[in-house]
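Just so it is clear, A, B, C, D, E and F label the chains in written order, and each chain counts residues from 1 on its own.
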Amino acid sequence: MEKTGIFAGNGHVRDIVRLALSEDIGTGDVTTAFVVPAGMRASGRIVAKQAGVVAGLPVVRMVFAELDPAITFRNLVEDGQAVQPGQVVAELEGPAAPLLTGERAALNFLMHMSGIATGARAFAARLEGTGARLLDTRKTTPGNRVLEKYAVQAGGAFNHRMNLAGGVLIKNNHIAVCGGVRAAVLAASAKSPVTLKIEIEVRTLDEAVEAAQAGADMLLLDHMTPSMAREVRDRVGGSILLEVSGNMTPDKAASYADCGVDFVSAGVVTYGAGWLDFSMYLDLEGGAQNAG
Amino acid sequence: MEKTGIFAGNGHVRDIVRLALSEDIGTGDVTTAFVVPAGMRASGRIVAKQAGVVAGLPVVRMVFAELDPAITFRNLVEDGQAVQPGQVVAELEGPAAPLLTGERAALNFLMHMSGIATGARAFAARLEGTGARLLDTRKTTPGNRVLEKYAVQAGGAFNHRMNLAGGVLIKNNHIAVCGGVRAAVLAASAKSPVTLKIEIEVRTLDEAVEAAQAGADMLLLDHMTPSMAREVRDRVGGSILLEVSGNMTPDKAASYADCGVDFVSAGVVTYGAGWLDFSMYLDLEGGAQNAG
Amino acid sequence: MEKTGIFAGNGHVRDIVRLALSEDIGTGDVTTAFVVPAGMRASGRIVAKQAGVVAGLPVVRMVFAELDPAITFRNLVEDGQAVQPGQVVAELEGPAAPLLTGERAALNFLMHMSGIATGARAFAARLEGTGARLLDTRKTTPGNRVLEKYAVQAGGAFNHRMNLAGGVLIKNNHIAVCGGVRAAVLAASAKSPVTLKIEIEVRTLDEAVEAAQAGADMLLLDHMTPSMAREVRDRVGGSILLEVSGNMTPDKAASYADCGVDFVSAGVVTYGAGWLDFSMYLDLEGGAQNAG
Amino acid sequence: MEKTGIFAGNGHVRDIVRLALSEDIGTGDVTTAFVVPAGMRASGRIVAKQAGVVAGLPVVRMVFAELDPAITFRNLVEDGQAVQPGQVVAELEGPAAPLLTGERAALNFLMHMSGIATGARAFAARLEGTGARLLDTRKTTPGNRVLEKYAVQAGGAFNHRMNLAGGVLIKNNHIAVCGGVRAAVLAASAKSPVTLKIEIEVRTLDEAVEAAQAGADMLLLDHMTPSMAREVRDRVGGSILLEVSGNMTPDKAASYADCGVDFVSAGVVTYGAGWLDFSMYLDLEGGAQNAG
Amino acid sequence: MEKTGIFAGNGHVRDIVRLALSEDIGTGDVTTAFVVPAGMRASGRIVAKQAGVVAGLPVVRMVFAELDPAITFRNLVEDGQAVQPGQVVAELEGPAAPLLTGERAALNFLMHMSGIATGARAFAARLEGTGARLLDTRKTTPGNRVLEKYAVQAGGAFNHRMNLAGGVLIKNNHIAVCGGVRAAVLAASAKSPVTLKIEIEVRTLDEAVEAAQAGADMLLLDHMTPSMAREVRDRVGGSILLEVSGNMTPDKAASYADCGVDFVSAGVVTYGAGWLDFSMYLDLEGGAQNAG
Amino acid sequence: MEKTGIFAGNGHVRDIVRLALSEDIGTGDVTTAFVVPAGMRASGRIVAKQAGVVAGLPVVRMVFAELDPAITFRNLVEDGQAVQPGQVVAELEGPAAPLLTGERAALNFLMHMSGIATGARAFAARLEGTGARLLDTRKTTPGNRVLEKYAVQAGGAFNHRMNLAGGVLIKNNHIAVCGGVRAAVLAASAKSPVTLKIEIEVRTLDEAVEAAQAGADMLLLDHMTPSMAREVRDRVGGSILLEVSGNMTPDKAASYADCGVDFVSAGVVTYGAGWLDFSMYLDLEGGAQNAG
């Protein structure tokens, strides 16, 4: 059974999959161990219970491969696809015991990630037709960063930096340390890996101009009004990328998009998402029941 | 600096703290590394931006202790306490660089856990005065099981089993394997660690009676109507604990509580919780700014 | 080759298997590396040298699977089965080098666990026909908890809590902290996961009664005489489970069983067990020798 | 608190300490968490209950340092010292909760290792006055190799190779692969790290001579009779070290020692040792009770 | 003792430090264990034996902190500083045993990293006064990526992407997959985190123009002649960053720099560096000797 | 796909392979993820670009097996074999994405190790026909100890101790602690595992004689002149092994060899080696390009 696919060699994903299993299995699944015969086999179906966008099927595959390489997994849809209630998204076959043991851990990944993808798609839909793209932030659930940002993509939105190594973002404290916008941009440019863009948070039009002239690649307009954002766009847009952020809602995002900014970022896309409901049904040598 | 407190020796908590830091720091925080001077010190305050119940301060302490043992941390409130917007919940002091680097990871824990505690308290309030207690489930975010269940407690609700080793719960598939309720209870009782209660999912009054007679300690009444639950209570209650579950809302929970069940369980307490907003403010040798 | 079976996803078992290999292999098996040709294959048999109860064959499988997935393993008996001297319990086939390298680590697991199973069966035999069951304790060899308790089961005895998360056990220090038996039981009941039984150590009949009335599920009668145990049984037995412990021997256990207690626990079942002797014989492309 | 001492930087010891804690704490010590107040402090004494040789106090220190660096530990005796029943071997002081939580894991190390040291001393005493030294083997409990061999030393016996990287030991299978004793010694000598001795298992006097002539440093006389061993000694002793092994008892060892061999090895020194009994007593802000 | 400094929270650095110690200590430092008394203390000096640029002192600190937190470490120079033969770069004090045990692992880091810093400075000196900067590559020693790139910086050169997540670099195979330069740039831009620059490898002037028009941020001119590089610069320079690479030497780099490219990258800066010699001298309660 | 071969069960090798992948992949290979279609397959060839001795092919195999077990790997030469420019050393086949992602990590191992093997062979050639063997030291790149020493062997030189557990080596500081050569040898002999040789560093003929009489197995003649070495050889050679070290070059080594010492050790064999150039070429469903 293929173990990894899109997440091949990704240590963060491997670690969270193992952590999810070890925290749920502990010293052993006592119910399954003492109730399910050793040789029994089963086949299963994972079924959507709500309409939404699926994300996380490769992680479900990894959960069961980690538990028992003898389990086979076949996904019927791809991550990013819309599903309807009742739709089968994946089929499994193998020894009954690990299928029962792994069900909850697998569904926790799938429901959490699909919830994010579903929410991201709805939010991003409000920006369609504008030139602005919806971005996520680093407000993600501990240990789930890579998976949540992957789900944002599956939903049709875009990723801001993956972590503190994936982009320079100079915030107010950093500016204060350096004594000003220009000095901060120069300090960061002088040393950072040259493959990373330099972004800086600005609060006024003057700061925006100063940052652009110092060679920043991108501005973070934090809690600016749409009209201020438009003013910045008119002055420095085109030569520099513009991102707005601050307690974003789809409506606010749309109004910023109308101002011509490049990006609207919203932490709520990850931390505010609900779960999308899925169930797993097992056939144990004949009968079909919900394992949930 | 004390490193662990309530989570002393808890490998799951240590692992998720390390994973959260490694996924956010990656090959290094390029902004801080090249902008903040090596010797600079700072002091910080973590401040609530919304009203709610705080949970996660010991984890914030662990995050910063893991980053740099030279950071001191002092909490001004205890987990489980209600806080108001603007209230300072903790103070930190130490080298500026790790305080900036660790801020997001620390707040992600605190906002996520406090969101769960806040939601749990509101939900549990609906059961006050009844004899029923609100329970969580295993529908938790991967890697965060121990912390989310801890937050549920901080909010005033209660924990169902921590994982598959922390209680026997015989579900429909297990019953099917054994050929019946009685056989399943006996199989599990014969072998499970004797310190665990035996719980079984039942769908009818007859099954409830059969389970009680077989020696089960607890029944899971899955998707039963309140009137059915009351019937079960009248027949076997007292001799056996009763739990109801199934797409629970506070209103539904209250109506079940009125039927005299012991426990109402609700996955939404963990997976459906929003985040409670906190900010961290840093004074860098004189100036005060939001590090966020 | 199936990797895990009964221990699928069990992080504790995976960790001790890896630790056992890494501590024995270190920077490499110098003898095998420089003496055994790369392409050589071998087949092997694991043979009992003493009569006893086998336990640990799935771990032997894991050891070799971890070393080299190309090795095939077939067990001829199941854990828990009695074996006679000379009886072949498993056959292996694959590259010669990892078979030689893994032999000692694999046998160390098998001999240690089978020794426990063998001793547990002999001890438990003394309780046959009584209503009492033999329990293990947490006096286990570091890192081997799950495997030793599994071996106790294979031998026909039963498991007390797996660890500090697998049951509430209120000891004298805890009682002292709370100021009494009743207060301690209530404190623990108020907060513990509801799927765990509440057990408390008592030293007198009065304490036993107080604990039962406070709602404890189980009493630990520590170093009580059989006649005191009988008195407790007569007073609270039936409504609460009774466990006796304290430097237990088969003879003492039998005398307690006669008093009608439910459980007799004995740390000696794990820490006092000897090893059951096994050898591994290898055929290296023709010849047969003891690899030991 | 000093964390490591004799085991500084030893990854194997660090791993088994962490594994022992994580397997015993799991998702958390529910009894202590809900019964012991957060701020309570305690002091403790570890007391011998039997006469024997102590080994493992530095590991006890590591267990509590890993749990909570705020705990202080002071040993009153050194590993390798004989103790009497009632003798205090160490004192601890710190937060009450981690002292209670860590007690069992700490004592499991101490009782297991002290049991080995005690047995090794008794066994080695039989060889006093002879020129022979008692050696251990690789028959050790999984994950505990370094600690068990350390305990053997503390008892006054000696270590054979620590693992497969710590010495060349050519056994029958290796000889068969090479086609003879001489060829096997030459193959191993040609490639092994030059800091390791070359030892080879021989069954006859001729093989012993052949091995000595081929340049082996040490012979393993497996299951030879004392008279055969003497014959080998007379022929090649002095130019090469001689070790005898095979179901060794103190009496058999003494008879081999009389034949003038250099080493007698006995797996039973590690796998056959019992535990030496210790208790830990805690004073919780005034009262003194056995925490066990 | 401060444990981390510049590498606070960096999991990669923590891992390689632990791996370096565990591979060198194995089951224990037998010489020190049996020769150095437990309580002996020592003080040490690390001294440069050659002229060069120092890098790695914070890692030396981490090595000894990991071994024993009781060791104090004080650096007399900072990474990036030039040192002369005989110059003391750091002083240590603490228990003698871990100072002896950790010496080799610590010096291996320091000599390797200082060798890279020294070579990078010499190479970079050839580009002084030009507008071009010297970059490293991903040709680094396994497990040492972060440290080697840090040493490159300490030497005065600059970092290309830290890893495959730290920048988009479209190579020939990727172009072939997409069917052309323009398609490849658009595919990567559509999905990559927006904080990363898009770089693409081009072989002709036409490809360079096509890439610039498609919106790439940076071009990799692989094995182009200086005159071709100049042509590309004249055509698209200014609007896009230009990097040249390919078996670079200082002389070749200088000739490219004269063509006005922005970056010259050279794998040899990391993989081709020698070691800079340092020794550690210890005073063991009076005497001073080279511990090496 | 066979995963391990010669390094089966070697935890150090497994760790450095995983660390090399995780440091290079980070949160994911953004270029490949967004440019290469999920189902695309590829075949590859690894080709030597320089003449030299190959070492590391089993590690290349492990890198790709770790990334994706569906990749097949076939080596056309064995480690230790001489290769010519243009010679294909291995072929791979499998999913295109992990082949692209793993290329750099795999080649970094192969080029580094082959560089060491190539250098070792050239150095060792100078000692051919003498009785002396070339040894490596512990001056190895952090985390790469086992692989670098393996490469030394592949090149035809020999290994000194693998780590501090693989041999006793008494240096000047140890001697000073003990108060003399004789005392130090006796202290080490009294306690070390009996399978390890005892080596001691000596600076004079008198010390050499004293060490030999005390029972040392091997002398390290540090920075002695060839004539002093010859004097030592004449006095104690034959009864004890002689090693010379100290800023060794092939010429110096040859002159020592002429004096009749047994071993010449040279750290430069590992730390001074360059890389041997290899490229990987991929055919992506039809086209052939350099993936480099």
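Note that a residue touches a chain if its C-beta (ideal position, glycine included) is under 8 Å from a C-beta of that chain, and two chains touch if they have at least 3 such contacts.
Please read all numbers here as calculations on a predicted model, not as lab measurements.
Asker: Return the chains shared as contacts by chain A and chain D, ordered by label.
Answerer: Output, common partners of chain A and chain D: B, C, E, F.
Asker: Which of these pairs, A-D, E-F or B-E, matches A-F in more than half of the residue pairs in contact?
Answerer: Within A-D, E-F or B-E, the interface duplicating A-F belongs to B-E.
Asker: Centre to centre, using CA atoms, which chain is the farthest one from chain D?
Answerer: A
Asker: Give, as an integer number of Å, the spacing between the C-alpha centres of chain F and chain C.
Answerer: From the centre of chain C to the centre of chain F is 42 Å.
Asker: State, to the nearest whole Å, the distance from the C-alpha centre of chain B to the C-alpha centre of chain C.
Answerer: Roughly 31 Å, centre to centre.
Asker: Among the residues of chain B, pick out those that touch two or more other chains and give their numbers.
Answerer: Touching at least two other chains: 12, 22-23, 25-29, 33, 101, 145-146, 162-163, 165-169, 191-193, 196.
Asker: Okay, in this complex, where on chain C does chain D touch?
Answerer: Per the touch definition, chain C meets chain D at residues 12, 15-17, 19-20, 22-37, 40, 96, 100-101, 104-105, 108-109, 111-112, 138-147, 162-174, 176-178, 184, 187-188, 190-193, 196, 271-272, 274-275, 282, 284, 287, 289-292.
Asker: What does chain B use to touch chain F in their complex?
Answerer: For chain B paired with chain F, touching residues are 23, 26-27.
Asker: Going by the contact rule set out above, which residues of chain D touch chain B in the complex?
Answerer: By the definition above, chain D touches chain B via 18, 21-22, 25-28, 33, 38, 66-70, 97-98, 101-102.
Asker: Which chain F residues qualify as touching chain D in the complex?
Answerer: Touching chain D from chain F are residues 133, 135, 153, 158-162, 165-169, 191-197, 199, 217-218, 241, 263.
Asker: Taking the touch rule as given, give the residues of chain E at its contact with chain B in the complex, in rising order.
Answerer: For chain E paired with chain B, touching residues are 2-12, 145-146, 149, 162-163, 165-166.
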